[in-house]
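Paired with chain B in one complex and with chain C in the other, chain A is shared by the two complexes that follow.
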Partner chain A sequence: MKKEDTVKLISAEGFEFVIDKKAAMVSQTIRNMLTSPGSFAETEHGEVTFPEISTTILEKICQYFYWSLQYASGKETEFHIEPELTLELMMAANYLHT
Partner chain B sequence: MRRKVPSLVDLCVRTAIDNIKYLGDVGETDHHLLDRILSHCNLDELKHIEDSTQGSDLSPVTDKMWKKFYKVRFGADSTDMVVERMRKRKTTVLWRLLYEAKLSEMEQAEKESVDRMTQRYREETARKQSRQVKLCSKVPPSSSRKRSFCGGVGASNIYNTKSSLMKKAKIEFVNSREVKNIAAMKNKMVHRNHSVSSTGKPLTSGYASSSSKLTTKPYERRF
Partner chain C sequence: MKRVNESVEGGSENLGLKKVKFSNGNDESCAALDRNEAEERVLVEDGGIDSAQVDKIGDLSEILVPESIDGLSVGCVKESNKWDLDLNVDLSLGNEEEEKGLGFDLNFPVCTTKDVGISENKSVIIDILSDDSDEEVEIIGYSGGYNEKGKQIESGLPHNSAETLSLGLGTYRIDDVFGESSVVNGGERRYTREEKGKASVVDSWLSLKAKSPVDLDLQFHSSDELIRINEPNEDVDDGTWQLAEWAPRSESAERLFRQEERALRFRESLNRQALRETAKRFARVKNSDQNKVNEPLSFLRQAPLSRSEVQELGNTQGPFSEALKMVRERTSKRAAKQLIDWKPCLENQNRSATVPLVPSLLDLSIRALARNAERMVSLEMVPDNLRERLTNVLCDASKMNVHVMSLLVKGCPTEIRIKNCTWLTENQFQETIANCVTRDLQVLQLDLCGRLMLDFLLKNALAQSSNRFSSLVILSLRGACRLSDTGIMHLLESTPAVRSINLGQCTLVTCDAIIFLANSLGPNLRELYIDECLKINAMLTLPAFKKFKNLEVLSVAGIRTVTDQFICEVVSVCGHSMKELDLANCLELTDYSLGAIGSNCADLCSLNISNLHKLTDLGMEYLANGCKSIQKLKLCRNEFSDEAMAAFIESSGECLTELLLNNMAKIEANTAFSLAKRSRKLLSLDISWCRRISNEALGLIVDSCSSLKLLKVFGCRQITNVFVNGHSNPVVRIMGLNLTPIMDHLNLLATEGVLLRHSPIP
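For the complex of A and B:
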């Protein structure tokens, strides 16, 4: 992957997830961060930190991004969510507008 | 034509609804999201979630749900009455509290009703039983028969025995020579209170051999 096409998402614990920009843009919030001029300081180097989102949840979110792209392209599968993650994932998804 | 991709939020809400019975502390979840999920709860589930969520007050979300439960349980009329009462007094009480209060009031009334019925049943059963013929375990002694036999040594003994074997034995005993003799002698004693025999021979020795069981007494015998 070329660096220009990727973004780095950093969890509360400091884990770094490097994903396609296209995938990250599934989140409206991240899209705004990356596209609007004079945007958030964190996104200068293509990195976004989420201090309130734990590693497990951020990982699941990244999985969702890729699943979403797949779904949109016609491959409709089921996205399974572990019950114990539900509420936390829901709140993070709400925050990320995704 | 691409189908709209389900949002992660929607997927999570659906999963939460599917797993509603496992929900406990919902913490700081957004109220508008909780609204979507909790409207699928039944009474027990809602109660559990509210009780488990110590950190935040869910009543803005749950109050209308409790009102619904109240209406289902106690009827529209009762609900309207409560609404009217609150309006008049210019106070509002949480519907959960109203529900729980009404429930406990009804349970108390039911319990009293059951207790009353149980008591009446018991009284009726006791009344019926007291009128029944009861079996006695002991036969009371019949004293009237005793009184009708004035003579005979041991006559009353015969008729007081319960076993027929003993009865037979007693009859034989009463009819035996020895007992008859003693009875006769007793009668004589009564009649000859003051008379003294001149012979004064000890006749008991000869007699003693034939009936050793008898206690020999020095009184006169007539042959």
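For the complex of A and C:
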């Protein structure tokens, strides 16, 4: 993956997830951050930090991004969510507007 | 499991028997089925299933071809000939069922019993009886599909999957019980109650108990070989079908074929007639027939319109009349249809009607949470909007229970919103609401809590501490059918700050409650929903309404006593602040009300005038001239003409975001053109049952309104793939076409986090 096509998402604990830009754009919040004409620091470095989102949740979110792209292209599978994660995942999804 | 015979025969049999056949194949026939249903799928084509085909013809000449039934090569039959034969010439007992089932053997003018017989008037009449009556009518609609209990019924005629006749009867799929009714049930042709009972019958509205049975008086001037079935004893309960006389088998075999031809032709003519008859049965009662004499409206002297001012359409000065002139000019130059210049885009021919809607992570996690609701221990950090969504999902899945509710009321909640409290018992109410800290509670929504004797419960709860609901702003007790005036009065005594009250469908509420409301809250009340509170006599509440000076949202839908006078007086008091009005089903309203609304409610954002058949184009004019910023407009079964609607949109349709044009029979190209031109902000459009809007017109609208997210086209069979594949709007979701999912899009336009709809919380 080229550098220009990727975005880095950083969790509360400091873990960094490098994913495709296209995948990250599934989230409206991230999309706005990266494409707005204003000068978000994130646009410049291609990095977004989420101090409230923990690593496990952020990982699940990244999985969701890829699953969503797959679903839209026709391959409709099921996205399983572990019960322990549901509550936090819901709130993170709300925040990320995804 | 079903015998092949059975399937075919069964069909016929059933058909013969008070069956309603909906033949259709073309629009006119389907026009008869003017129901506001979710899905209508009409399909009758050539070579269809015998029953469908026969249905198509509208007569009941089901013919069984027992011998030639090979599985269902029915499909190959080009004409119904094959099926029209009643080779069941062996009119012995053994075949009686079949015959009977037929009811009408084309080749034998069959006069069955009352259920399936021939009437004198020689019109093919299709009876639909409800299952309440002894005689049951089976509606031949789909075969396959679901019976009313939602169980899938096997299709008696497998071919039907391709050609099913949908009656669009809501979610019911009328099962064609071909296979169900056992054709060969002993030697008798008795439609036992049991058999009838198996039929999936629909609502009682369908109990159009036709007195005259199907007429099959296809009198082919019988030669002796024709079987004539007289109509002997109209044996209602019995349903036995008797044959008067019939020719021996050997002779009729050839004649059958010959007579078939005649029959076919004859059938065609009967078809039309039959359909006309059927159509009448489905007609709604038009309330205009019951018009009383218009009493002189004395209040009109003070009203904005006096009789002398009632003008003809377009004569007043104003944007509407100019728009109307323009529309008329437009159509004088060329036909309306030619206005629409839209070609389908050819690239997308392979696009399916439904692009997969990717479920959002939020939806997925809420659903997962709902599945594991029992394991939740705390909803502490969860914001209110998510709590609401979660409870909605739980309520929809009927999984809402006291455990979740206790989580919701824990701590010091600001909102408790439960849209379905049918499960809530009085003890549970005591445990939860009565014991919760309601100091900061701003929103309380306990809809459908009909089980609770709220009068007592509230009295007890409130007795515990007097300022319990001191911050309550929004209160909704919709559907609390045991809540009476006294309960409301008690409640209101301790909710001084309430601004929005929803008492919809609380059937015990009378005008006393409204008067009390006015006295205690008066100018503070912003939103009042009293729809379908049938005990409220609107005129008696008028003095109360004079005190609601700042009302922003009013819903009096369904209250028949709402008259023009009521509306005029109410809007003269609070018209300046009125933003949303719901007047659906207040059947007495006429253009005067619209005039009053137009003159007083300049800021009106949302108006619902569904089913008000007395409104005419003049009303539309008043509305257009007065309310320039309407965003949500709901029309259903109104009598506005195409030109008036177009003129309205041209003059005041710019802000429209949601437009409902359900069942507006006169809407066609002009309106479509104006919509495409003016309403660029449109988000949701519903043109269900507007059959005159063509593919091109719809394509023009959809391509021009680029923000359109939701399009509903239920009942619009004229919309085909030409439109679906030809439009170039990437965002729009189309609902209502054949077999598309209809629940996915329910939250598409939902707004969240809204408290008072039009003003801030004090």
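Keep in mind that, in the parts below, the second predicted complex is superposed on the first by the 95 of 98 C-alpha atoms of A that agree within 3 Å, B and C clash if a C-alpha of one lies under 4 Å from a C-alpha of the other, contacts with A are read in each partner's own complex, and residues count from 1 in each chain.
One rule holds in what follows: contacts are C-beta pairs under 8 Å (C-beta built on N, C-alpha and C of every residue); 3 or more make two chains touch, one makes a residue touch a chain.
As the structure is a prediction and not an experimental result, all values here were calculated from the model.
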Check: Just from the overlay, do chain B and chain C fit on chain A, or is there a clash?
Finding: clash
Next item on the list: Look at A:86 in the shared chain and tell me whether it touches chain B only, chain C only, both, or neither; answer first, second, both or neither.
Entry: both
Notebook entry, point to check: In the superposed model, where does chain C crash into chain B, at 294-302, 420-428, 600-608 or 726-734?
Noted result: 420-428
Check: What part of chain A is shared between its chain B contacts and its chain C contacts?
Finding: 61, 64, 68, 71-72, 74, 76, 79, 81, 83, 86-87, 89-91, 93-94, 96, 98
Next item on the list: Under the touch definition given earlier, write down the residues of chain C that touch chain A in their complex.
Entry: 356, 358-362, 364-366, 368-369, 372, 375-376, 381-383, 385-386, 390
Margin query: Quick check: in the complex, which residue numbers of chain B touch chain A?
Written below: 2-3, 5-9, 11-13, 15-16, 19, 22-23, 26-30, 33
Next item on the list: Could you please specify the touching residues of chain A with respect to chain C in the complex?
Entry: 61, 64, 68, 71-72, 74, 76, 79, 81, 83, 85-87, 89-91, 93-94, 96, 98
Checklist line | chain A to chain B touching residues, read off their complex | finding: 61, 64, 68, 71-74, 76, 79, 81, 83, 86-87, 89-91, 93-94, 96, 98
